[in-house]
Amino acid sequence: MNEWLVVAGIILAALSGVPGLVLSRRGTAGERLATGLLGLGAALASTGAIRTFGGVPGPGLSAPWPVPGALFAVRLDPIAAIFVLQVFVGSFLASLYGLAYWPQAEHPFNGRKLRLFFGLLAAGMGTVTIAANAMFFLLGWEVMAIAAFLSLTTVDERREVREVGYVYLVATHVGTLSLFAMFTLIESITGSFAFGGVDTVAHPVLASAVFALAVLGFGLKAGIMPLHVWLPGAHARAPTHVSAVMSGVLLKMGVYGLVRVGAMLVEPPVWQGAVVLGLGAVSAVLGVAFAIGQHDLKRLLAYHSVENVGIIFMGLGVALIGKSVGRPELVGLGLAGALLHTWNHGIFKALLFFGAGSVIHATGTQEIDHLGGLGRRMPLTSVLFLVGATAICGLPPLNGFVSELFVYLGLGRSLAGVNGTWWVLTAFAIPTLALVGALASACFAKAFGAVFLGTGRSEHAAHAHEARWPMIVPMVVLAALCVVIGVAPALFAPALDGAVVAWSGRAAHVSLAELAPLSLVSVGAALLLGVIGLGALGLRRRLRRVATTGTWDCGYAAPTARMQYTSSSFAQNLTRLFSFVLWPRTHAPTVRGSFPASTSFASEVPDAVLDRLMVPALRTVERMMVWLRWIQAGNVHLYLTYIVAAIVLLLLWRP
Amino acid sequence: MALALVLTPLAFAALGALVPSQRWRPWLVPVCGATHLALVAFALREPTVTGVGGYLALDHLGRLILGFISVLYFLSSIYAPGYLALRTERENRVFTAGIMAVLGVMSLVTLSQHLGLIWVAMEANTLATAPLIYFNKNARSIEATWKYLLIGSVGIALALLGTFFLAYGAVATGADSSLFFSDLVKAAPHISKPWLHAAFVLLFVGYGTKMGLAPMHTWKPDAYGEAPGLVGVLLAGGLTSCAFLAMLRFVQICTAAGEGAFAREIMVAFGLFSMAVAAVFMARQRDYKRMLAYSSVEHKGILVLGVGHGGAGVFGAMLHLVNNGLTKGVLFLSAGNIHRAFQSKLSDNVSGAIRRVPVSGALFLAGFFAITGSPPFGPFVSELTILRAAMNGQQYLVGALFLVALVVVFFGMGATVLAVVQGEPPKSAPETSFKDRLVTVASPLAFMALVLLLGLYIPPSLSTLLHNAAAFVSITP
Amino acid sequence: MNEFVDPLLVAVLLTNFFVLGTSRLRAAITGTALQGSILGVLALFVHHEIDFRILLVAGGAILLKALVIPGMLLRAMRDAAIRREIDPVIGFIPSLMLGALGTGLAVVFANTLPLASSHVGSLLVPAALATVITGFILLTTRRKAIMQVGGYLVLENGIFIMGLTLLKAVPFLVELGVLLDLFVGVFVMGIIIEHISRNFSSLDTSRLSSLKE
Amino acid sequence: MNATRILDLLVHLGVVLFLPPLLLGVINKTKAFFGGRRGPPLVQLYRDIWRLLRKDTVVSTTTTWVFRAGPVVSLATVLVAALLLPLGGAESPLAFTGNFVLFAYLLGLGRFFTILAALDTGSPFEGMGAAREATFSALAEPALFLGLVVLARASGSLELGGMLGGAEGTWAKAGASLVLVIVSLVVVMLVENSRIPFDDPNTHLELTMIHEVMVLDHSGPMFGMILYGAAIKLLVLGSLVVNLVVPVTGESLLLSWPLFIVGILALAVVVGVVESSMARLRLVQVPSLLVGACLLSGFGVVMLVR
């Protein structure tokens, strides 16, 4: 029953963009119908998913698929349900947002196309989450990947969009091919394409290869450092509601895959968990470090996805370590942290992208240093963005704090009562996570401050307007979710508990309520809100009469908006500190003479892996390939010589 | 019956040469294709089809490939009238006759049961296709035809030498066998091993040249690049499949002789090498028709690689033969349309195909996804099957190299295809009157539909054909 | 098998070297024609009894290999007004040395193959292989299209010699194959050569290299 | 919940609410002593805060509600954070596994809003201060957590009370590590409270300030809240150090609370001494010192490997 609901949701999502194709190019019926269908699908699928948390997981569905090795097998366990919920809620809210952000009336040529692919994207992701057969999984995976590519390149007349589209496409294909290899290896161990247990003891080398391929394939999708190369560009260039889904949901399919493979590995060696933890830590720190250097609002948010996926991986690493050493509390806390952070990141990142989209829609630029002072012109957006910003920094009393707390607890629990020295890794992971949190705060202080606070730095900012309701409503919903999860995490414990049980298999289960101070977190959050409320009330009474004046200018007579601290200057200290990984580029003039002419200074932080490493490396490979063109130089004598050579070689092969 | 399958298209070809009307002559092609398809459909229902004293017969391998070629031919023949109507400046008598004769000689290959006859049929194929490549009659097409003929003839000569070697091994020194394939397979264990090895090498290189395996592939980019898209489909899907069939006959003999490992090793090596060479040349490939030629080299490599794995790999190769041929139909025909719409086959001068010719542009993109092994299209299933054969056979290194080659191919092909399809048409591109019309898109659309279908559903009848063919080649009852 | 076979095969080998070593096109074509006629004679002596089939093969070979095709090549040569192979990919002396090396290798390789009792000690198989190799050397080193066709002819001659070993044992398809191949292959190549010379006003195939990467 | 516990709670609240301004008084008195001056009275800050709270306010026209939220949130967060700490040997009012995370993140929340409030003015000076605050606190955070990791590993607890209160046992087990941690925590305390050598609260040049420049535009009650919050923050972070150095247990209320208060006042004297004897570091050297603090605690962790 639950499975059928989800399947129905997937089908509705897949078809949501189809009616629009035959309806008028100018009318609004198509787009409303698309959102409506997606909403209906989301309602059905979410119902199915939520019902799963309570009850016993069903036996699943299956239908024959007359292709070798393939089966339309569907299974809805709590792990899948967690992701189903995220896929559908995220996609629906983004679709709603799109009604105002990308209305058909303003985009007559690509609006219908975009909605078609958007629906397919949601359907593909839904399929990935519930597939219980490798071929079916890959089907959903690729539909998702291609639909995402086509949505991302909606505005393909722009060169930079095409470029990031290509990078994304290549990256996702490399991921898909690693999954080909992974599933075929799994088949060579288990003998089937079903998601059965992989015996790591009997097949240590093969199982390690499976693990490595899973990290590669799913890590590419999840955007873990250094496999994140496609991510910043793609998120920055896609239409914003697509960026929101890509960042909020699509990346999580990589997480889902790794979680699923983690569940399949029977008795994994400790190093695997350590690798995931280490990758997560590197990703988290470098992700946020790169984010600080950005001055494109969406690119900045994109790097924060790298960071947050890193945090998720850290949780997953803890869970894997717990599985290896037989510590159910590590499994419970690590996995609950990872999964809850998956939700949370989906929520606040979508919220932030929506906020960024409102800004872009209102001002026409995503360059942070051209903005400023939008808090006055867009009060709702600014409050909602601030909620998202606070949440993503992991600050209480919002949701980001809760999931990070779980990860902290998981890491902390591993400090005590263990043998061996691997706890040093978890020990250093804790301050790493703290560093990430602090850097994230710095980064969002910069972003929020430069965009919404102070005064406008350009004409773009001067004519901003508040977003329309289809854009505001999804943000309100997401902000509310941030608060609810942050204040009352206990509400979500059953879902997480169910997933932990489904994941750990034979490890004895300890419920999350016993492992983490859920109710006391609520108390702390309530206390904080109460004290803030009291303080605000008190201050409000004292501030009935205030005098206003200009900002203190240290006696300088004519301050201008351009003298404000820009986001780049704000970040400069930190980018300099991290310059050993960021390699920032600066274009600084040399000033000569007593009265130098007007000049300019610019700095940017390109992606170290993509722009500094991969592109040059691939260029070199490409040059070598181009050099090999002499093979086909048009000379028929040469061609005939190849044939002779082939014969001689083969005759010598085995005389 | 068997003879009818060969002679009917030849008769149509003769008729085509006689019809005086430049305008109506091309309509014979779809009629010929449909007639042949009907005959094949009838023949496939028959339990046994033989003719000319056993020289012609349909065995399991022949059934699959004949059926496939007939479908491929019929679907692409729909394109011919629309295409030739656009090329009224060219005399099409030779072209029309040639293209129908090709169907006859391709059928002959699939039906040949004799060592010598299959060679004659392959030679006839080479000759029948040469005028098709020459269709444009300009300096570039002459050069392409010259290379095609010279390299193809050398290949065919080698195949003949190999045929003699095999016959010598079978008749003069070893078993006393007739040169019918069924007898050769039975007598294979007694064939003199040195002669068999040398014969296999010569035949492999000879027919490999016709198939376009690297390093004997050099004629392909030139021929595919200069020939009309329609001819590209027939070469990439039909003619090379015929060469593959001929090669499989000898693989079968080798296997029966207990020398299967020798043959398979060679096939895996050449399969991987072909993929690698194709990958190298697809990087930065500005000419999108030549790119398709290299893609063909790559996929012929995949075919022999699949057979080289044996077991499930042979089935995968059979399936891939079908999938690759059909997908090439999409790609060559949509590329042909784009070529016509932009008057250029260089990606420097072509962009925004999806804006100027939306259907062809979309089909080109979809065909690209299909050919690179993306689900839910057919080639995904077959490529994954071949990969599974490698992994389950514990050929991990081969599997890894296979995947690496696919990645590199994707890098190169993706850049070119996206450059062609996306963006806006360049300002410098000449305005052309070419638009997507039913006659020019019906055929690639039909190909695309089949490719998609085969990814989601393999009909039981096709499945039986594939399984029988695979079992037949691997000599398992 | 009789005593004339081996001397004839030696003559074939000598024509190989002649074709390899000459720079004049006319001489080379004449050489291949000579080789073709030797093969026709050879066909008569390979087997003890001469029947109608063998006469047909011998007659066909002499007609095509010695008269028709060389004639066509000579005509093409006249039309294109070229006389010499100038500047081959490798020089004539190295060609000859390669030819000698190839002949040696052919003998060695033929020794590794088990022969039917009637062919043991005969030069048939080595000469066939040596001629094939000579054909390949011509094909890969000569720039003039006409000489490449000539090289192809020599290659076919080698295969023909190989076919002679099977003349008795195998039904007629094999020889028909040889003739068909020669006839049609060169016929079509002849046509193409004409088009090439018309379009490129040269038969130098190094000019045929605009299709490349 | 027995009577002692309630009493403890009341004393805890009392100490948190009323003691902090005195600490700054002590520091300033100490500095005056070393400078050969009389200095302001010990209760000067109480007076200042009281006066500010009753004053009128001037705000910049550029600002929004965020500007006003800054002081409120920063005060509220230190107050709640103070409730998570074990003071005077008693169990903290909000004791639970992992409360150390909440503790640190509450301070982070306060800082976040202080920075935003500074940026809300659009002033280049306040932006500059905010940038520095963000940078230095980002480096202080890992030092703090590394210290906490050592404590967690040594004490086997993930609750602040256990981590700090179990110090007696841990001294024996991991004394060397604890020394390193204490040094590192002192550094964290100084930087978080904007003390010399990281920042000079009494400087008069905007370009060199960190914390002070961020609150340039706050006046009246808002400024009062900021000063009050800063004082509480000093107590809160200082008590981490005091709890480690003076391991008191909650055996006797009458003994442990005075001991704690004496300890924290002594710490204030130490801070005063440090401020009198050192000059402010150049801004570019601050990160090096913070990284050094991280390394110290990191050594502390490594020394626990056995």
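What to note about this one:
So that you can tell them apart, the chains are marked A, B, C and D in the order they are listed, and the count of residues begins at 1 in each.
Just so it is clear, a contact is a pair of C-beta atoms (placed from the backbone, for glycine too) under 8 Å apart; a residue touches a chain by one contact, two chains touch by 3 or more.
Just so you know, these numbers come straight off a predicted model, no measurement behind them.
Traced through touching neighbours, the fewest hops from chain C to chain D number 2. Setting chain A aside and leaving every other chain in place, the chains that still touch form these groups: B, C | D. Seen from the C-alpha centroid of chain B, the farthest chain centroid is that of D. A straight line joining the Cα centres of chain A and chain B is 43 Å long.
Taking each chain's centre as the average of its CA atoms, chain B and chain D sit 77 Å apart.
Distance between chain centres (mean CA atoms), chain A to chain C: 69 Å.
In whole angstrom, the spacing between the mean C-alpha positions of chain B and chain C is 31.
Within chain A, residues 629, 631-632, 636, 640, 651 each touch two or more of the remaining chains.
Residue positions of chain C with contacts to 2 or more other chains are 112, 139, 148, 205, 208-211, 213.
Residue numbers of chain B whose C-beta contacts span two or more other chains: 146-147, 150, 154, 198, 221, 281. Interchain contacts (touch definition given at top) occur between A-B, A-C, A-D, B-C.
Considering their complex, residues 372-373, 375-376, 379, 382, 386, 390, 393-396, 401, 404-405, 408-409, 412-413, 415-417, 421, 423-424, 427-428, 430-435, 437-439, 441-442, 444-446, 448-450, 452-455, 516-517, 520-521, 523-524, 527-528, 531-532, 534-536, 539, 542-543, 545-554, 559, 561, 563-565, 569-574, 577 of chain A touch chain D. Across the complex, chain C meets chain A through its residues 89, 109, 112, 136, 139-141, 143, 148, 205-206, 208-213. Residues of chain A touching chain B in their complex: 65-70, 135, 138-139, 141-143, 145-146, 153, 156-157, 159, 162, 165-166, 169-170, 173-174, 176-178, 180-181, 184-185, 187-188, 209, 618, 621-622, 625-626, 628-629, 631-632, 636, 638-640, 642-643, 645-647, 650-651, 653-654. Remark: chain C residues 112-116, 119, 132, 139, 145, 148, 152, 155-156, 158-159, 162-163, 165-166, 169-171, 173-174, 176-178, 180-181, 184-185, 188-189, 192, 195-196, 199-200, 205, 208-211, 213 touch chain B in the complex.
The part of chain B that touches chain C in the complex is made up of residues 114, 116-117, 119-120, 123, 127, 130, 134, 138-140, 142-147, 149-150, 153-154, 156-157, 160-161, 163-165, 167-168, 171-173, 179, 192, 194-195, 198, 221-222, 225-226, 281, 290.
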